[in-house]
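Below, chain A partners chain B and then partners chain C, in two separate complexes.
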Partner chain A sequence: MEFDVFLEKFAMCFDEKPAGTLTYNTDYHDLDGWSSMTELDLIYMLDSDYGITVKVDDIRDSKSIGTLFEIIKKRVGV
Partner chain B sequence: MKNAFVTAVEYYLPPSVYSNDDIARDFPEWPADKIFGKVGIRERHIAGNDECASDLAVQAAEILFRKHPEIDRNSIDFLIFCSQSPDYFLPSSSCLIQDRLGLPVSCGAVDINLGCSGYVYALSLAASLVKSSVARNVLLLTGETYSKFLSSSDKSNRSLFGDAGSATLVSPEGKYRIGAFAFGTDGSKARSLIVQSGGSRHKEPYGDSAKDFLFMDGAEIFSFTLDRIPQLVQETLSRNDMQKKDIDLFVFHQANTYILECLRKKIGIEKEKFYVCLEQTGNTVSNSIPIALAEAFSSGLMTGNVLLAGFGVGLSWAGTVLS
Partner chain C sequence: MDVIRQFGVYSLRPLGESDLRMLLDWRNSDRVHSKMLSDHTISWEEHCGWFLRAKDYEPKRNFIFCYKEMPVGYIGYTEYDAENASCSPGCYLGVTEGIPSESGFFLFYAAIEYAFSNLGMMTLETSVFSDNREAIKLDEFLGYRRILGKDESVQKAGTLRTVFRYGMDKVAWNERKKKVSYILGL
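The block that comes next holds the complex of A and B.
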């Protein structure tokens, strides 16, 4: 499971691409455009593209895109 | 054992409308076209200040009796009222409705407190009563006024929920045979969709809008829906010895088009077979499936096998097939 691919899919969950460069350490909760709708799009993306039902708390408690990526990577098992 | 059939379905919407333009006026950061784009709803009907869920259900029942003169109200021997907005803590609203509709005093009457899964649950009870010859003509009413649970500042939920009432007659003869049911409950997630004050657990208001009005954790509900409802569809098909290809029309609880479209894609249902009917009503909780059925009946779409799936507050879910 590649971080770059995950990052691209993650960015597409936003209605408008967030300003600046998204990285492994970006705290997505602080990004302009992060909203309850983005959360839903992220849940759907993880379900449809990675086949997992994410725990909503994992999205809310993760401090960065990288932290969430590691959780998802572990769940996917590759 | 006898069969049970859905004989007739009608519904009632209160006249007052809360449109996307009204929402955009109240919440300028939430433009009308964006609301429609996200949730697929243009307007919601809102009960009057003195109008209860039972009033909407009574109106729906009167429409049913008026449009179907062959149905004699004296032949109703059981009344089920599904609502989470009773007139009083006691007596049951169904007892009041029995009198208001002039149903025989020999008629049984019960309330069921369920939301978005409620219609399918109530249908299962109505079908069981008919199949076991406990009752012959079951009048199944739903009525809901979630608008009264919503904070005036809650733009998300005010964009979604509308009020309505519905009436369904379940009998031993009719057009649409009620098949086998699948059910599910997960009370561990009850707090994802809840009104915390006003009941016996906490009668007085908390003074906190998140607790005194309807609270919905949209992400938790969405996650539950994506996880459970495909399984519910599979289980419902399996209990009816059917496969997905045997279903001619899927009628799910009309939550909003975002959830419905994600579910449709995940389950792999063709658009033509997936009924969406909430543009003029919003999410009407336990009324959404009977409203969709009534519209599908009148549009001539009710042919072959129709799979119903209700899901939501509880958390609770249920499915069946009408044939």
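The block that comes next holds the complex of A and C.
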């Protein structure tokens, strides 16, 4: 499971591409455009693209894109 | 006021008289009013008149949605048909600051779950503006499906707007609920 691919899919959950460069350490909760709808799109994306049903707690409690990526990676098992 | 149903840190309690001013302020706010099918701004007198009728409904059909006991939203059921066990849930957040971003998920979930499990409904239908992307996405996520052929047009702020009708039955909800409950940690 490649982080770059995950990052690209993550960015597509936003209606408008977030300003600046998204990195492993970006706290996505602080990004312009982060909303409950982004969260819902993220849940859909993780389900459809990775087969992972993620809890809203995981999304809320993850401090960065990287933290969320590690949770998903662990669940996917690769 | 007594909590009648808990959903994690969220809860429902019946609408009381002391909630009326707050509820009207929410209902007439630009954010909520813009999503309502009706163009009408409700007066205090109309609001009180509605409550006088609604407070005696059995079972109760109007509720305050709370986050950690703080009132943050409203859930109500209209088109109530006991004989056919069907109704139309409506809900909105009155407060959007200082609450978790996923509160809307819990609000919509609570509106559906209470209807099926507590009110004994077998089918639900709801109407939404065709351009209300957020509500449509959330409705579909929760298991509502669009009822083709039941689109309507309404005048809103001088513009003719299309309204989609969505529906879901209890069987579909019981199936969908497993996944949604897991996602919400309920």
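The rule is simple: the second predicted complex is superposed on the first by the 78 of 78 C-alpha atoms of A that agree within 3 Å, B and C clash if a C-alpha of one lies under 4 Å from a C-alpha of the other, contacts with A are read in each partner's own complex, and residues count from 1 in each chain.
As a convention for this text, a contact is a pair of C-beta atoms (placed from the backbone, for glycine too) under 8 Å apart; a residue touches a chain by one contact, two chains touch by 3 or more.
Computed from a predicted model, the values in this text were never measured in an experiment.
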For A:S48, select first, second, both or neither according to whether it touches chain B, chain C, the two together, or no partner.
first
When the two structures are overlaid on chain A, which partner does A:V76 contact: first (chain B), second (chain C), both, or neither?
neither
Between chain B (first) and chain C (second), which, if any, makes contact with A:V56: first, second, both or neither?
both
Based on the superposed arrangement, let me know which partner A:S35 touches: chain B (first), chain C (second), both, or neither?
second
A:M12 contacts which: chain B (first), chain C (second), both, neither?
neither
Could you list which residues of chain A make contact with chain B in one structure and with chain C in the other?
36-37, 39-40, 43-44, 53-56, 59
Show me the residue ranges of chain A that touch chain B in the complex, using the header's touch definition.
36-37, 39-40, 43-44, 47-48, 53-56, 59
Which of the residues in chain A come into contact with chain C in the complex?
34-37, 39-41, 43-44, 53-57, 59-60
Using the touch rule from the top, collect the residues of chain B that touch chain A in their complex.
38, 156, 217-220, 222-223, 226-227, 258, 262, 265-266
If you look only at chain C, which of its residues touch chain A in the complex?
100-105, 133-134, 137-138, 141, 179, 182-185
